[in-house]
Amino acid sequence: MRDEQEEMLTMQMEAPEDVLGEADTLKDQLKRMARQNKLAVVSAVVILLFVLGAIFAPVLTPYEFDQQDVINRLASPSAEHLLGTDELGRDVLTRLLYGSRISLLVGVVPTVISMLAGAVLGICAGYIGGKTDVIIMRLADIMLAFPSMLLAMVIMYTLGDGLINIFLALALVSWASVARIVRSETLKLKESVFVEAAKSMGVSRLKIMCRHIFPNCLPSMIVLFTLNIPSAILSESSLSFLGIGIKYPQASWGLMVNLGRQFLYTKPWLSLAPSIAIMLVVLAFNFLGDGLRDVLDPHLKDQ
Amino acid sequence: MDEAITLSVRDLSTSFFSEKGEVKAVDHVSFDVPHGSIVGLVGESGCGKSMTARSIMKLLKYPGKIVGGEILLEGRNLVPLSERDMSLIRGEEIAMIFQEPMTSLNPVVPVGKQVQEAILQHRKISREEAKKKVLHMLEMVGISEPEKRYRCYPHELSGGLRQRVMIAMAMICRPKLLIADEPTTALDVTVEAQILELLRELRDTIGTSIILISHNLGVIAQLCDYVYVMYAGQVVECAPVLELFDHPSHPYTRGLMDSVRSLRRGDERLSTIPGVVPNLLRLPQGCRFAPRCPMAGEGCRSCPPELKAVSAGHLVRCPYGQR
Amino acid sequence: MLLNILKRCLQALVVLIGVALLIFIMLRIVPGNAIITMMGEHANPEAIERMTAELGLNKPLYVQFFTYISGALRGDFGTSYSLHVSVSSLIAQAFPNTLCLALAAAVVAWLIGIVCGIIAAIKENSLLDRLFMGFSLFGVSMPVFMVAMVLQYLLAYKLHWFDISGINDWRGFVLPAIALGWNSAGSIARLTRSTLVEVLQEDYIDTARAKGRRRMGVILFHALRNSMLPVITMMAVQLSSLLSGAVICETIFSINGIGRLAVDAISGRDIPLLQGTILLSTALVILGNLVADCLYSVLDPRVRKGD
Amino acid sequence: MEKKILLSARGLSKDFPVSGKRRLHALSQVDLDIYQGETLALVGESGCGKSTLGRTLIRLIPATSGSISFEGQDISSVSEKEFRPLRSKMQIIFQDPYASLDPRMTVRDIIAEPLETHHVCATAKETTQRVTELMKAAGLPAEYLYRYPHQFSGGQRQRIGIARALALKPKLIICDEPVSALDVSVQNQILNLLKDLQAEFGLTYLFISHDLSVVRFLSDRTCVMFLGKLCEVGDTAQVYGKPMHPYTRFLLGAIPEIDPRARGEKRPLLQGELPSPIDPPSGCRFHTRCPYATERCRTEEPQLRNVEGRQVACHRCEEI
């Protein structure tokens, strides 16, 4: 028997016996979050704004991202250039807008890849166990032993610069932690009675993994997804900051910070504006992920 | 009354405030615990019996809160006491043991230390002296080789031993009142019998009054002097144990007893109580048991009944409650 | 328990060898000839060949790997292509700086993180809790270079409290350590809070309170030790992210550390140097993992007894 | 009338590896027959191996040694693939109605899963039709078809579990403590239901429980287990009326009577602690706690033997 107070609370929340319909599905959980956690809603809106800004960048600004204006070099913010211009006279706001394309892509694409790979490997390792488990987890251990920045640097060194390579590098860096979390989740689910029930009915291994394990891992994976996006964005900006990621003249926030750094003491906004943009996006994703965790998966710890 | 009352609970109401509104988990519950007696609270899960116990200890978890009534420990009201004053009473004057001996002990501290902590909290004695008392107490609750067990961690002990450790911890300051919240539910029958025997012995030797909370009528019958039957947050019937088992008067009590007795007899068809416990957020207007009651009439559904005496010391919350 | 630790050590060794192999392979499959990069486009082919043979780069890969490993075990990581000094001596110069920086940052992070986490957990759902958690999320969300540059601009450039860059005395470490620890402090605070909140829901906390323990006593004696267990496991993860951040901090504050060596090695396409720095930092992380594991088993009696 | 054996196990043992090289002996050398149409109860305290035995019998966990035959066919040596169709003939109902249903599936999908796995119905519509029939049989209103498990009370969830177990028209159902997580009044509803279903579908039950009164109501024969071994097997009425094995006596004596007048009677209390199944005592496994133990009990392991129309594993059961 369970703790009485807890029992009563859940009883009231779920009202088992006399409510029809009203399933507590993902959608309802999201609604509940929206009601309880205004910050998460604001964050979602901020993210949406950044996405819109990235998509409609050409419409939103009259300048091109590499349009130089040598006369107006390093201009201070003004009505014409809201955030001033950089050392080649390019409009900073324009470059920020175009930069958000890269940052958002870099946040989403490698995270999707690493989530998929991590989920498949984690579920296989956890459910199949034995040698499969040992091999996959040792590999993950090796990946996790690297300081992620250095590993990303080496991969970039091996693959060369470019957006696609950044995707690959960041995905390679982050799949292992996903696999580890999904595996531990799988191990718990594997011991659960409903999986045993499925086994007792003769459901095949593959089906159990697809129908029972995966859907039950999903909530924590959604949370993980929203929390891994910001770390990917941070990694890319750090790489670009070191000059290892996106190459000139493409606009990337990290690169803009790097180029603006030499004017830190005279024109601080050159490096500050992109830094703040990074922080805003990352913050928004973190707040959203946090809110999601509260409703979807109270047990997934901060990592 | 000539017998001394250890604890008297008057109109205790405890609610917790959930998203969907106030849940009255304990609703105007009153009972007395005479000195040296064992009082039973019985009911099914969710009836508010554990919440009552936690309210007495003032150990309610967020968002639970006492909203009314008095808890008088030898005449002193505990409800307005601050957390600091309450901590002087917990363990010293009222102690509690919990349902799950597995999770109720700190996994990273040796059990002896945990018992010792209880006495050091309230007595100004040296550690050696405290340890001596702990060893003596461990022996008293039937733990063999107390020296060896003293250093054990909880995971190294069986469920029965852990519950004994919990009892030792609760009794070491010789409290006036022990609250035992489903102390044997998680244990096997043979161990349950041992623990019940131990509780009875401790009451006899130390003279502690006990509130025993259980869903098991057998346990109640074996141990208690007075019994309070709870349903949906209210006391529906109370009586001395013999009276209650001989003449159960509330339809719910009778339903419960019939359920257990028909099972013990091995009837062809078991008697049951139809339906399920009501949602405390949407309680029926009249009697809370009316939707499941075979005798309920129109009056029951519209107007909530009061607790009324049917004989000396036997109160029933049902207009049809007859002997 | 000893057996357990031994087993862990063995596992760590396997991982370390795996790491070495992985770096080795990744750095050899890089397109373009490192020798040419090293000697310049117009070096004569004979010299290139001589150099290749000298460095053993004409031998099969596995022979090269074993030569490298056996050298590494003796503390010899080869000679830097770009600086023409032994990698070990370069690392020996840089390592203390990185270690000091990382340790200082760790102290900052753990101190702030744990204290804030505990306060937030005790005052769960209060304004203070929300404030701390909001701040910690800010901490986690700020890129290291941003914190570093803001600190540099305000405290060093505007207020002249610290040197802008370089390490002359202990004060040189202050800004980089704060910049580096900032991130970790946030995540440690969040983890500490969430585990402590969870532990405070446990039954044995009720038991302790039922004994008459006051709130502080319950937290210090019962809750903290249990809630620190997951935090310790985080140690290794944090070490890894500190070393990652060190790369950036060292670049911004011009500290001669491992991270900057690695960056220099990449821009100079200096394979032995890159290999050496990465192997060293990875070994450090693995060591941190090992220490965390041992600490865990000391603190948790359930693990101590074998399985 | 000669009763037909549905399932029989011979020399069944199950070890689990624990830390180091040691093994936990959950079952050792168990011989058991289950007759067609009966309810066989398996009682014992936690850790005695009764759940392990139930799961081993239907190959949910593989046995370490021993053989099992079902309807005369050896099922312990066939491959998993060959065994899969046989799974439909033996189903299991679990103890915890909260954990045994996948929280992310609707009731329809939960009950349909065995039907789909064994391709019982041709179309999805037919499956749904069959699911509603099953729900009706288990006493669940068909409107609940598309609800999720957490919207039900404990008793209703157990009904879902029962409907799922019935889906494949099994011959044998292992009931693993199906009512121990429920309140008394609900427990009786479920027990009545199980009894009705047995009559309706001609089911055979292996009913695992630690609650002796529940067992008495439902079972024809009772098996008492202690530390991985059977100690007494016989007709329920006989076992309850005159227990022969000392352990059975203690077990029955420990049930708290629901009559407060029975309090004065001194009940026999079992002393000591349960021995560890990692290295069980030599000889009779109960001898460390048995007040009647002699030298012989300490050295020689008693086998099940026929005593007064039942089987008892005790050297001294006639004398005491």
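Order as written gives the chain letters A, B, C and D; numbering starts at 1 within each chain.
In this section, a residue touches a chain if its C-beta (ideal position, glycine included) is under 8 Å from a C-beta of that chain, and two chains touch if they have at least 3 such contacts.
Just so you know, these numbers come straight off a predicted model, no measurement behind them.
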Centre-most chain [mean C-alpha coordinates]: A
Far-end chain from subunit D, centres as C-alpha averages: C
Maximum inter-chain contact count - chain pair: A-C
Subunit B and subunit C: spacing of chain centres that average the CA atoms, whole Å: 53
Subunit A-subunit C separation of Cα centroids, rounded to whole Å: 22
Rounded Å distance, subunit A centre to subunit D centre (Cα mean): 48
Subunit B-subunit D separation of Cα centroids, rounded to whole Å: 32
Residues of subunit A whose C-beta touches two or more other chains: 1, 15, 17
Residues of subunit C engaged with two or more neighbouring chains: 305
Residues of subunit B touching at least two other chains: 45, 61, 215, 276
In the complex with subunit C, residue positions of subunit A that touch it: 138-139, 141-142, 144-151, 153-158, 160, 230, 234, 237-238, 241-244, 254, 257, 261, 264-265, 268, 271-272, 275-276, 278-279, 282-283, 286-287, 290, 301-303
Subunit A residues within the subunit D interface of the complex: 1, 14-17, 19-25, 192-194, 196-204, 207, 211-212, 215-216, 218
Contact footprint of subunit B on subunit D as seen in their complex: 45-46, 153, 155, 183-189, 191-192, 195, 210, 212-214, 216-217, 250-251, 253-263, 267, 269-270, 273-274
In the complex with subunit B, residue positions of subunit C that touch it: 124-125, 201-204, 206-215, 217, 221-222, 225-226, 299-302, 305
Subunit D - residues contacting subunit A, complex: 58, 60, 84-85, 87-88, 91-92, 94-96, 99-106, 113-114, 117-118, 143, 146-148, 150-153, 156, 161, 164, 168, 181
